[in-house]
Amino acid sequence: MTAGAAPPRYAYLGPEGTFTEAALTAALAAAGGAAAGAERVAYASVPAALDAVRVGEVEGAMVPFESSVGGSVPTTLDELASGAPLVIRAETHLPVAFALLARAGTATADVRSVAGHPQALLQCRRWLRDKLPGAETVEAASNTAAARLVADGVHDAALAPLPAAQTYGLEVLAADVHDVAGAETRFVLVVRPEAPGSATGSDKTSLVLVIRDDHPGALLEILTEFAVRGINLTRIESRPTGDGIGDYFFSVDAEGHVDEARVGEALIGLHRICADVRYLGSYPRADGGRPVLRRGVSDAEYAQAQAWLARVREGRARS
Amino acid sequence: MTAGAAPPRYAYLGPEGTFTEAALTAALAAAGGAAAGAERVAYASVPAALDAVRVGEVEGAMVPFESSVGGSVPTTLDELASGAPLVIRAETHLPVAFALLARAGTATADVRSVAGHPQALLQCRRWLRDKLPGAETVEAASNTAAARLVADGVHDAALAPLPAAQTYGLEVLAADVHDVAGAETRFVLVVRPEAPGSATGSDKTSLVLVIRDDHPGALLEILTEFAVRGINLTRIESRPTGDGIGDYFFSVDAEGHVDEARVGEALIGLHRICADVRYLGSYPRADGGRPVLRRGVSDAEYAQAQAWLARVREGRARS
Amino acid sequence: MTAGAAPPRYAYLGPEGTFTEAALTAALAAAGGAAAGAERVAYASVPAALDAVRVGEVEGAMVPFESSVGGSVPTTLDELASGAPLVIRAETHLPVAFALLARAGTATADVRSVAGHPQALLQCRRWLRDKLPGAETVEAASNTAAARLVADGVHDAALAPLPAAQTYGLEVLAADVHDVAGAETRFVLVVRPEAPGSATGSDKTSLVLVIRDDHPGALLEILTEFAVRGINLTRIESRPTGDGIGDYFFSVDAEGHVDEARVGEALIGLHRICADVRYLGSYPRADGGRPVLRRGVSDAEYAQAQAWLARVREGRARS
Amino acid sequence: MTAGAAPPRYAYLGPEGTFTEAALTAALAAAGGAAAGAERVAYASVPAALDAVRVGEVEGAMVPFESSVGGSVPTTLDELASGAPLVIRAETHLPVAFALLARAGTATADVRSVAGHPQALLQCRRWLRDKLPGAETVEAASNTAAARLVADGVHDAALAPLPAAQTYGLEVLAADVHDVAGAETRFVLVVRPEAPGSATGSDKTSLVLVIRDDHPGALLEILTEFAVRGINLTRIESRPTGDGIGDYFFSVDAEGHVDEARVGEALIGLHRICADVRYLGSYPRADGGRPVLRRGVSDAEYAQAQAWLARVREGRARS
């Protein structure tokens, strides 16, 4: 980028103060270079953030993908599976922690109603039952919406991440009110199609797979395309196609990088048997996990076998 | 039931006027007998309705399970997968339809904000973009919560099922504003463990499967236990166990009834290889679909093979 | 057996002095009791020996099944696969060793022709090339036929087992003339259908499997019936059905005993998908090998899973 | 070939007058060109004929491979699986027919002994039982050896192919004495490694596969490499490696040609997982059978999928 050029812009699922903004900040810092100085722009919804990428308003968008407690974010899965293609450039895991926030001057004993996203209410269920047995729980559309309802005086307290206290001028009645320690959320940085970064040995490849027709064993066939090449799946989910109960597509994350021979061959196999395969990117794993490769599936073994086949076809092979 | 006995009580995910209440009413009428005169009790959440079944406050509970557009209801899946065991006695499919509701006197041109459950906003996205391009969309916790926010004057219009107009004293600005026709939601009637009804030839069996350890090919092994016995799956979903990103259990629906030989043998196989199998019931399919059985998996063929094995073990077999 | 009763009679592939007679003698001694005093009767061919069992002339017949160098004995496989059913009660492995036999007074330097069964000529090929480079090799119908041709003066020397020297009045020019040490032959003791002996933990079950129609993947289906229950095959062979090139049945040996749950279930599965399954017996392994059972396939785990299924069907299961 | 050059030489399993010579004659005529004028040289054994190819004494060798009644010829399988590599250039199927031959002046009523190869005796068993119930049957090393034994006056009659009558100066007592009509033998023309002929759409590829270690499911893995690419096997046989009972390699024929994408990919897969893969040639099928390709495995579909993968890797793919 030449001097004076505008910094790149990145979208995130807002409002400010959410975990998603924190994930974007961390990812841009990790990327370094021009990205480190990028402008961060809040969007009101996942579809809005992704559409901003599609039309070129922003370089990329950070959106939540799944949580270790609540599971996948259906809107993210569905939006990536349709519309103009997008790919994942990076993923980030962030620990999830909830605090109980209230307006200044509120004592815990005064709390009669607690607002929270359904996931937050679920994850703090036991704490609320023990400490605020008499309080009514009210579902809110997001963590920050819950905080805003408290700031606006509609409810007495909110379950929200700690930074929301400052954003909405609230006080922290209690920190870490979630029942299960160690919960985390996975965020993905989504960009327009681009060649993937180099394989690192600790990569994931995300795909959307549409089965050609829903015959018995169709999913088994898909899994076999991975298994026969020694590729483990770290996630598989069915999502409705919208065509009726019982009609699904599959969203999967596979270990490995599209530039690796076994992953490339598996993708060729899937493309041949599926009605549609949408490639959603190869990117380094946030957890640093490395696949345990079984014998015969490394790039070196593929190269040896391909060289042997070339000799066979030319009549020069020994065995 | 003796004369004068109280009628049975059934829970449903309230408030009144939701699709879930309609599903319960239909199911009780179909069941006939004492059920037809049952009392219907609204509960504020799926966990609350299911806990009411567990402690015996009610005979059963009708809860939403999945939608052909939005996919599964995570809370329902997760609540059935943990806690004291429950089973599904019946399922019901209802068409999904949204209307745009407003307070009396509101013209479509006046609508500046539209409240709706995220699923509703998603399913009506194109209609809103075309007809109300300037209106703000606001996420609400449920369809009826959206209607209440309009009745309370917080927002101008709500996406909700038609019956909500009467419940909340609203008027219908437009009916059928959903983008995709033919969408439907599947509801399940959940009861305490009981022997299943007789096999009808058009049945489903629901299961929760926890893989023993997440080795490559573990899901393939599970699917093979079904496939080798000619059993098709109509749904498979991964749900987080709560122990970290990448740790899942599987929620599946299989064609067939637990009393059928092939299903029983598959369950034995799953029980042997899984860390845990939770049986969630065998019940008639709402769509009336019947499995196309491949050769060798009918109850008659199982019986013949078992009789042959008995002869082999006694030294009396020919071949 | 009452005093004065005739001792049981057992057939073997003759003539006297063959490895097969030695195998029968060893097996009868191991069986003990009345068998130890059994009369041994030589038959001219495998079909003749097996027919003698079928019609009740003898209690059982010892026949060669396969050799570690020459492979299976096709006649034995084919005769067991058709006709009135027979089962294997026991197997015996014997080391194979060849000597070069000649009439008294013959010097090695005088040997111009060597008779031997094609297998024997194959197994001694390098020795003959090195030590008797000028001698002609002549194929004979059996080891003992070769010895007889030498005794009759037709050829100069024979490849045969050492005991044949005494039987035919020949001298040993050289012992251990086979090229590969450690070769062995497997013999089986065949009887009319009877209940198998008790499982020992080191057993084999032999089967003949006829595929229903030769569709792609039919063999894969058969192997899957074993694999899904953790059963290893120690031998699988295709044999022509006689209906044309490309039409085969399969002869297999599986680890385990028909009385074990996993083997029984696999047999039921095979019976359901095959055009025909012929059970050829469960019997102790001659090599003493024990299967390494993977998790979930022991009789105890089967029993637990079956008890759980019974509870599920009665509405009493927890999980 | 320049004028005056010696014609090419081809070996066959002799002696003259065997089915194998007839197969070679037919194959050379079909090949046309220089081959049609080739010299045919009889060798005494399959190993001798194949060694003649290896050392360059002959262009190629015609040897028997399997019969629809007797099964594979073990020596041919074993010799192709070891030693310097050879490949199959062509295969020929010939009908098998046996006649009963005797010296001039012999009446059927006079026949007291019948010589024949064990396969011949097996295939004519019922005819002999019906027509010559009192005659002794004697095993001979080959069809023509049987004829020679009769010509030499050792036995009264021989089972042999019709042309042997002329070769050995015998008369035909009865033609077509085999019990099963339509039996045939498959012969293969073996040459030194060469690039295969072009794919015809009706081809076979022969392979020798050595499993890396005999773990449970190893054969299943091999079959899966074929099945996942829609390749049917027309023959699979286990043969002993010579290292002890229970140690086998596999000899297989697969539908398709090594130049086809699905076959090439399968060979790469086998090479990666097997201890050894020996390619034995791609050649036109004698029976003219054509594979029924399932969706996704044609060369065109492979090419499309590979082009898509290239676009994905360059960041240009849509889906």
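In order of appearance the chains are A, B, C and D, and numbering begins at 1 in each one.
Everything below uses one rule, namely that contacts are C-beta pairs under 8 Å (C-beta built on N, C-alpha and C of every residue); 3 or more make two chains touch, one makes a residue touch a chain.
All values reported here derive from a predicted model rather than from experimental measurement.
**Student:** Touching both chain A and chain B: give me those chains, sorted by label.
**Tutor:** Where chain A and chain B might share a partner, there is none at all.
**Student:** Using the average of all C-alpha atoms in each chain as its centre, how far is it in Å between chain C and chain D?
**Tutor:** From the centre of chain C to the centre of chain D is 26 Å.
**Student:** From the C-alpha centre of chain B to that of chain D, how far is it in Å?
**Tutor:** 59
**Student:** If you average the CA atoms of chain A and of chain D, how far apart do the two points sit, in angstrom?
**Tutor:** 57
**Student:** Name the residues of chain D that each touch 2 or more other chains.
**Tutor:** 224
**Student:** Assign the assembly's chain-to-chain touch graph to one of these shapes: line, ring, star, complete, other.
**Tutor:** Graph shape here is a ring: one loop, exactly two partners per chain.
**Student:** Check the chains against each other and report every pair that touches.
**Tutor:** Pairwise, the chains that meet the contact rule are A-B, A-D, B-C, C-D.
**Student:** Considering only the defined contacts, which chain A positions touch chain B in the complex?
**Tutor:** The contact residues of chain A facing chain B are 47, 66-71, 74-75, 78, 93, 118, 122, 125, 138-142, 145, 180, 182-184, 186, 216-217, 219-220, 223-224, 227, 230-240, 242-248, 287, 289, 292, 294.
**Student:** Okay, in this complex, where on chain C does chain B touch?
**Tutor:** For this pair, the touching residues of chain C are 85, 87, 193-196, 208, 212, 224-225, 228, 258-259, 264-265, 267-269, 271-273, 276-279, 295-297, 301-302, 304-306, 308-309, 312-319.
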